[in-house]
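Listed next: structures, encoded as structure tokens.
First subunit A sits with subunit B, and in the next complex the same chain sits with subunit C.
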Partner chain A sequence: MKIVLSGALVRFADYTKEVEVEATTVTEGLEFLTARYPDLKTVLLDGDGRVRRTHQLFLNGEQVERGAYPLGAAPVSCANPDTLFVLTAVAGG
Partner chain B sequence: MVNPGAADRDAAGTPLTAAAFAPAAVAGLFGYLVPAAHGGAGGDRRTFGLILEHLGHACEELEYASLVSMYADIPAVIAAAGRPDLTDRYVLPMITGKRFGTMAYTERTDAFDFGCRVIAAGGGFEVTGDKVLQTGGHLADVFLTYVRDDRDDLRAFLIERGDPGVTVEPVPTSGFKAAGLTRLTLDRVSLDAGRQLVRVDGLSHAQLFLNQRRLFIACPMVGRMRAILEHCARYLSGVIRHGQPVNGFQAVQARLGRMRIRYETSRAVLHDALDRLGAGDYNGLFGPVISAAKYAVVDNAIALAMDAVHLTGWMGYSRELPYERYLRGFMGGIAGQTAQDVLEILLGNDVITQSEFGRHLEGVLP
Partner chain C sequence: MPRRTRIALTSDTCLFSPVQMHPASILRVGMAALASCIGTQLTEWRALKLEHRTTVVIIGVTLTYLRDFGFFSASHINVDAGLTTRRGGRFLELECVLGPADDPFAVLTVLNRPVTLSGTEALDGTPGSLDSVLLARFDADEHDESPVARPVIDATKALETGGELIDKGTMSFTVSRADCEIADQWQNVRLPDWLSMGRERMVFAAADPRVKTGLRVPMTRLYAEYRRPMYLGDEGILATRAYATAGTVSFVHELRTVTSGAPEGVCAVAVEEFATGGQP
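Entry: the complex of A and B
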């Protein structure tokens, strides 16, 4: 599966926008991603280990519901050539 | 006219007083967005935006409507926690204008690098750091403050002006002076556990709050644009050049026409965005239409005030007329409610992502 990062997240993945991961679920893909880029982990995940709501996930263009992708929750299957888009838009005050 | 004395306050750099907001409290504006279960009116954000637009038209001072919106939003976001203790301590006094609250989010760095920190201490918390800009902080005695914890997650706390270790200082600006912008410094401020409003993922909490607020900076601007247009047309009818009122010249008529276009298009995009906001037809985490509307209104408002200065010459640049003050006020929108340049980047990224979605689907669909 390919994971495509956007916005501020790219900085925490050594400015890599697209990452190929070995995964059969979205959760596995995110674990693979954060293992490769440890700095990304605290940015992508909140203090309880769930993907922050401000990062929206789209698998092949279809939004993955928030309840479906916290780490450790029921897996959402994926395979090649699936693409997981991580949309991040962080605004200021 | 609502709340006269705007020009004098601007000249002296004096912020609005608490007394100026008493009529807003009596009118129910501070409780308008608070659910009825927490003592409010349970009103919708679309209608509130329209109220702010009217306030912007009636009030000589953009800052007034801006502060009304902040002082109305804070009790609403606290009430959303559904905690009776917070409703009694904060929400109800805020509704009646006895207490004011503002948001303390901005630092001189990205949210992921915030330097304001919280640690657990004595069964509660201890917070240290600087927040560089709050709107209406001069009257606020409660600051909704976002800080990083030891897991690098953001949490939100309700910090009171009277808490030991809290310092609130004014931040001088070139315009928008009556808004009472402040800097909040926190030096090992001890908080009991009940002051924590958001335990986890405060970043998303802040983003949801900011996104639904973004339009509120634009609403009074559209009202003020209309007021400038009306005022300018009246003023020009009394200016004589070549023996006749200048509004008889086509160049002047064309400039007024451009101002009208800026106002009408701003009002149209604002109302469309407010309709979407009211219908829940927007992405709460980043609404491109809402963001584009804020951007467009600010840009148009600055251009319209410039038009007014062009039309009125040195009078428009002097304090004889209010246009230069409005221009400085509108320019606050370049930075406020997410800077215009940041919005460009976020909107551009959104376009690119949508395009990549499309490319991906073209590649996998038969």
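Entry: the complex of A and C
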């Protein structure tokens, strides 16, 4: 699966916008991603390992329900050539 | 009387085109005025972020040019600005008057939405409202509960129903760091430049001579509505339609992201209006 990061997050992933991950679920993909880029982990996930409300996930353009993607929750399957987009709702100002 | 902030800006040649003060220059002045008003009426912007986990983002702009004003018109540009809260802290509106108090040359209105920050280094947030502490810092006459207008929607509908479509075009672009603010999110002040690039491409390729109005004369109005931010490295496409009416040529712009994997959606819409002096 390919994970595409919002531009607000790329500086926490060594300026990598697209990351190829070995994963069969969205949760596995996020675990792979945050293990490779530890700085991204605290920005993307809250203290409980849930994706922060300020970010939204889209699998092949379809939003993944928030309740489905905390780490350890019910898995959302994925495979190649799926694309998971991490969208930052709004930032900065 | 609502509090006002006054800024005197020394004029320089880069602020202007041959025909008027650049819209982007005026928006940039508006950002400086916004920061000043936030500092005067609420708290220093840094403290707003660090202590209140709040910031504001621009969601709408209305710029009206009232008269001719160019580089040779004055050595300084006076800016008079004030901030009001709308709808109980859901919005903040900046009004910025440029030029002498008795004869201003432009008025800029900037609608802002408060954003509640998550507290991470990414400065990520969600749209929110001012908290009660911040809201209480506005004076009684700085609260406005009237509905928030969406002039770009009204202007677009009027052109689609009453105007003649005379041209259309598209332009691709990529958001660079130079286009962004501290969170690698696009600077809203960059929008007029992208609109101008799209319009100018149409002017130079125009089959209909009326499209050249978009460079020949000063802009009279700019309406913009920001719907979804773009970020560093995002790819976008600007789709533009030109309309003629009895007294104007207007350019209606729609800006979308086409970044791989991103959900489809409009990031901004805008209308630029140019007066033709009654010539159709």
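Here, the second predicted complex is superposed on the first by the 89 of 93 C-alpha atoms of A that agree within 3 Å, B and C clash if a C-alpha of one lies under 4 Å from a C-alpha of the other, contacts with A are read in each partner's own complex, and residues count from 1 in each chain.
In the analysis below, a residue touches a chain if its C-beta (ideal position, glycine included) is under 8 Å from a C-beta of that chain, and two chains touch if they have at least 3 such contacts.
Since the model is a prediction, treat every value here as computed from it, not as a measurement.
Within the superposed three-chain model, A:Gly92 lies in touch with subunit B and with subunit C [touch as defined at top]. Of the two partner chains placed around the shared chain by superposition, subunit B is the only one that A:Pro81 touches, whereas subunit C remains out of contact.
Legend: residue contacts after superposition of the two complexes on their common chain; A:Asp48 is shown touching subunit B, with no touch to subunit C. Once chain A of one complex is fitted onto chain A of the other, the partner contacts of A:Val10 are limited to subunit C, with no touch recorded for subunit B.
When the shared chain is aligned, subunit B and subunit C each come close enough to touch A:Phe58. Of the two partner chains placed around the shared chain by superposition, neither subunit B nor subunit C is touched by A:Ala35. Residue overlap on subunit A between its contacts with subunit B in one complex and with subunit C in the other: 4, 6-8, 12, 42-43, 52-54, 58, 60-61, 83, 85, 87, 89-93.
The part of subunit A that touches subunit B in the complex is made up of residues 4, 6-8, 12, 42-43, 46-48, 50, 52-54, 56, 58, 60-61, 81, 83, 85, 87, 89-93.
If you check the complex, the residues on subunit C that touch subunit A are 49, 55-57, 115, 118, 120-127, 175, 180-185, 229-234, 259-264. Those residues of subunit B that touch subunit A in the complex are listed here as 103, 105-106, 110-112, 133, 149, 151-153, 199-201, 203-204, 206-208, 210-211, 214, 283, 285-286, 291, 337-339, 342-343, 346, 349-350, 352-353, 356-357, 360-361, 363-364.
On the subunit A side of its complex with subunit C, the touching residues are 2, 4, 6-12, 17-18, 42-43, 52-55, 58, 60-61, 63, 83-85, 87-93.
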